[in-house]
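Per-chain numbering from 1; labels A, B, C and D assigned in written order.
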Amino acid sequence: MQHVFDRCRPLIDGAVANYIPELALVDPEQFGLAATTLTGETAGFGDVDTPFTIQSVSKPFAYALALELRGFDVVDAHIDVEPSGEAFNQFSLDPATGHPRNAMINAGAIAATSLIPGDADRATPALLDYLSRFVGHTIAVDEKVYRSESETGHRNRAIAHLLRSVDVLEGSPDDVLDTYFRQCSALVSTRDLSMMAATLANGGVQPVTGDVLISPLVLRRVLSVMATCGLYDGAGDWLTNVGLPAKSGVSGAIMAVLPGRVGAAAWSPRLNEHGNSMRGVAAFRMLSDEFGLHVFEVHHSIADARTR
Amino acid sequence: MQHVFDRCRPLIDGAVANYIPELALVDPEQFGLAATTLTGETAGFGDVDTPFTIQSVSKPFAYALALELRGFDVVDAHIDVEPSGEAFNQFSLDPATGHPRNAMINAGAIAATSLIPGDADRATPALLDYLSRFVGHTIAVDEKVYRSESETGHRNRAIAHLLRSVDVLEGSPDDVLDTYFRQCSALVSTRDLSMMAATLANGGVQPVTGDVLISPLVLRRVLSVMATCGLYDGAGDWLTNVGLPAKSGVSGAIMAVLPGRVGAAAWSPRLNEHGNSMRGVAAFRMLSDEFGLHVFEVHHSIADARTR
Amino acid sequence: MQHVFDRCRPLIDGAVANYIPELALVDPEQFGLAATTLTGETAGFGDVDTPFTIQSVSKPFAYALALELRGFDVVDAHIDVEPSGEAFNQFSLDPATGHPRNAMINAGAIAATSLIPGDADRATPALLDYLSRFVGHTIAVDEKVYRSESETGHRNRAIAHLLRSVDVLEGSPDDVLDTYFRQCSALVSTRDLSMMAATLANGGVQPVTGDVLISPLVLRRVLSVMATCGLYDGAGDWLTNVGLPAKSGVSGAIMAVLPGRVGAAAWSPRLNEHGNSMRGVAAFRMLSDEFGLHVFEVHHSIADARTR
Amino acid sequence: MQHVFDRCRPLIDGAVANYIPELALVDPEQFGLAATTLTGETAGFGDVDTPFTIQSVSKPFAYALALELRGFDVVDAHIDVEPSGEAFNQFSLDPATGHPRNAMINAGAIAATSLIPGDADRATPALLDYLSRFVGHTIAVDEKVYRSESETGHRNRAIAHLLRSVDVLEGSPDDVLDTYFRQCSALVSTRDLSMMAATLANGGVQPVTGDVLISPLVLRRVLSVMATCGLYDGAGDWLTNVGLPAKSGVSGAIMAVLPGRVGAAAWSPRLNEHGNSMRGVAAFRMLSDEFGLHVFEVHHSIADARTR
């Protein structure tokens, strides 16, 4: 992994997200890379302990919590599970169902957050507590980023009102957005995300605390949706070349899961044209190739055994 | 599996494909279900030896052959690997690249066939021979279905000319379509498809003959594209609920692969609104649930081991 | 015209708009038809003096006021003039320009209203005063409909936030919507709309008061946009079969203009699938055919003169 | 008009169409401008007698002939009359009706040509004869351009097969295309097109020969469709700023009609991004402004009369 880290560090293409002023202030040179085993040991390289806002990497966890608390029937009546070729912040709902296409694009993620019971006063701490249990310690909200997102998030506000107009979102759009913007502003490190990924890889059981955080069918669902919808426009490219359920965020983080094996995370702020971390994508491509992590890799031992 | 077969047989919803006259003549009650191990043993239920035309289940194999013969650079310059929410016979090319979105929709499949070297006289036998080596015996073409498709395939003809107009297809559209229509009219049985699936599951090595038919990176690619694009509009639904790389065809066949474990196939002519076999989809959902075949299933033993 | 009125009265297809509760309460049997000459004489049939909310028929006037007060350069930097096949309440902005396609769909109409100088306290009375001058007397706002639209107008709220996110709308979305919802709730009668249409037909000069309300180039623009975009999805059908610049509204009103000749209006609450008054559309088709009002009608006298 | 001609001549932006090799060979400096009165007198400037292929300017005439020979019911069951924001050579059919959106885009024009009775041997001379009668003398086909279009027209071939697949086109796609490519390759001059426009302006009566070539309802229909769909993507812009039913072609021609008043044509090969002649568009904008030709221009005399 040190080798992969060293080879990705020189990549300085791409640009830091600037759609909210606070995000644009980050030092673009930062780079962290970590992997965590199912027994909770983390190997970390670079800036693995620097905090950043979790942004869209929170989406699979909010989706999981909605599924755990409301069940498949309710959640599936609001959010589809179809891949979407679109950018993360597009408006279109599925023309046939009228639902967001999946919970990894903003429309579906806002809908998922709205399904967490209670108004913002109750839903926000429930969600932050859930994220904290994956990390293994209490996580805080970056209040500056939260306010910045809340003041400038016109597009998310438009999406929430659109969802309200088609009865996908049932409460007050402003209230749901308050939770959503705080959820996106939760502070994590690369090490934290790697532990969260390891919890998913470990069947939903936090490797260190032993907390059972996701039930088997919800986990299968969340990993499936991450596999096809986790990296926006580049989803097909990602599944083809890296082959791991994963989720990226606009702060430059990517979290990836090899089910039953290992969790990993990368963080570096410069993004490619799809909004995914340049170094993060490069690092996971190399890791997948060098360690044979692709979920559809048929390991040679199997074939060899047969052809002997 | 007998249990699954028995439970799916009473399903009589859906309708047999009628877009070509020959396909509409089939007995809709027929139903075959088979699974083949990596050592080549097949368990079969129902009409597993009845021949039918392979139709779109040929697409992953044509794509594999194009990748083997022309390489990733050439093929990827013509066909993308992005999921497509569209029906199999839509026209739209990716607006950014001008390419078919993937090799599982007709546009991408016709492009893949066009990349097999030589004109129809040379490409058709090369492709039929490749398919035959997966099955393990020589397969024939249903000449009636071939002529019927050739005479009534106006939409595929339109697609081929569209591809020609944007230089994705380089030869003569009519010549490429001749190969394509023959490829789709190749005769296989459920047992044959199960063996083809087992070859993919077995790292590209035919379980009985030991023939090495796909190289590791091409196999990984083909399985990845099958996982996200194999069942048309229902792709997200399929990956979420069944979780296996698979390919369906309009004759009512579905072939599915659990990499490193097993290959399987189902065939029954009545189709759902996405063009996938009603009984086939039902059978694979049950098989996946009962045997834990979903690729993102984290097996309990792993989690249990950790939480003990 | 009495003849046309009598023939359209029996039409009872279609349904009253119910997207806001207040609109659904109207008596669906009501029907008014009126035409006004350039000297201000009105011939009226049926319920020509019953008040109803103007709804989208206000759009050409708000667009005219924005053009008069801000000029073509400013307005054209925010709103396009291209026909749109879409329903009136769709979200999509032109992919190339990022602007609403025209000022007759909600997105463009909200943008036009936002261009009227001042916040709601100033823009609302300016706009109501402008509408009043076309009618020739002061018009009131239906406060119940206004409140109903404001409370349930989630889709318009989504559109306003979307416009804000792409900088088409510059002020506060809520403030602009306050003016917009009041503008749509202005109370007019069929007789009033006929006089407004006559003002447009009369080169922008109110026939009775002599008020000059639109300058020639703005009038030409407004009539052009009405001609291609005034009746939503049915625009091509309307221009082909009726051939008059016109605007419909969800309360069941249609206002039409034969430039240099006559203004006319119809009102009856039942709507067709495009949201246009069933009886109104039927009445204008008959009027156009019987009186040769189509703008592309080449009158026989001309051709006759030539071929004598 | 000399003044307008002189001011447009220096415009050298844009590029000559190169989608078929033969079209690219034309001298781009050429420029003709002509107007013809209802009595058949033509004022011409520049290269008004140079022949070029008529291309898409043939479309309104083919549509008119189809309407005359088959009637509204038959033609309207195959081709819609809705404006289309799309480029001329796009594929999409209306999702609701499955028809081409109008007869001015290639899909609708090919469908119109297919409705002319008989196979190519009969339809081609019928169509060329019809065009000739508008011009007033027999017109020839440029065989080189015809062959070039026939050999390289992959996109039109794709469109024809698509239309065949949805039963909009009933005969043989190749046969229909043979007529269509010859129709587009008919040789006309700017003077010829001006006379054709004058025939439309004159109620369908050829000003010189007195031939009655279009019936009143077909003329109204053709002018309506030209008004909204005649200049591809720039249709709204054209109607707003020029305000005349018109049709452009890729050879650089634009024909425009002021019903009951005058016909006009411009020709210069360099095209803007929408495929319309740069100089042609500029010339018509100036002519419309200076002579008040916009169909929605309310002439001052009318308003003046009222406000005196």
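Basically, a residue touches a chain if its C-beta (ideal position, glycine included) is under 8 Å from a C-beta of that chain, and two chains touch if they have at least 3 such contacts.
Nothing here was measured: the structure is a model prediction, and the numbers come from that model.
Asker: List every chain that touches both subunit A and subunit C.
Answerer: none
Asker: Give the label of the chain whose average Cα location is farthest from that of subunit D.
Answerer: Most distant chain from subunit D: A.
Asker: Suppose each chain is reduced to the average of its Cα coordinates; what separation in Å results between subunit B and subunit C?
Answerer: Using C-alpha averages as centres, the distance is 54 Å.
Asker: Roughly how far is subunit B from subunit D, centre to centre by C-alpha average, rounded to an integer in Å?
Answerer: About 47 Å, centre to centre.
Asker: Subunit C to subunit D: how many Å between their CA centres?
Answerer: So the centre of subunit C lies 31 Å away from the centre of subunit D.
Asker: Check each residue of subunit D and list the ones that touch at least two other chains.
Answerer: As it turns out, subunit D has no residue touching two or more other chains.
Asker: Name the touching chain pairs, please: which are they?
Answerer: Result for touching pairs of chains: A-B, A-C, B-D, C-D.
Asker: Any idea which subunit D residues touch subunit B in the complex?
Answerer: 91-92, 154-155, 157-162, 164-165, 173
Asker: Residue numbers of subunit A touching subunit B in their complex, please.
Answerer: Those in contact with subunit B are residues 38-39, 80-85, 101-102, 201-205, 207, 210, 212, 216, 219-221, 223-225, 227-229, 233, 235-237, 239-240, 243, 245, 259-260, 294-300, 302-303, 306-307.
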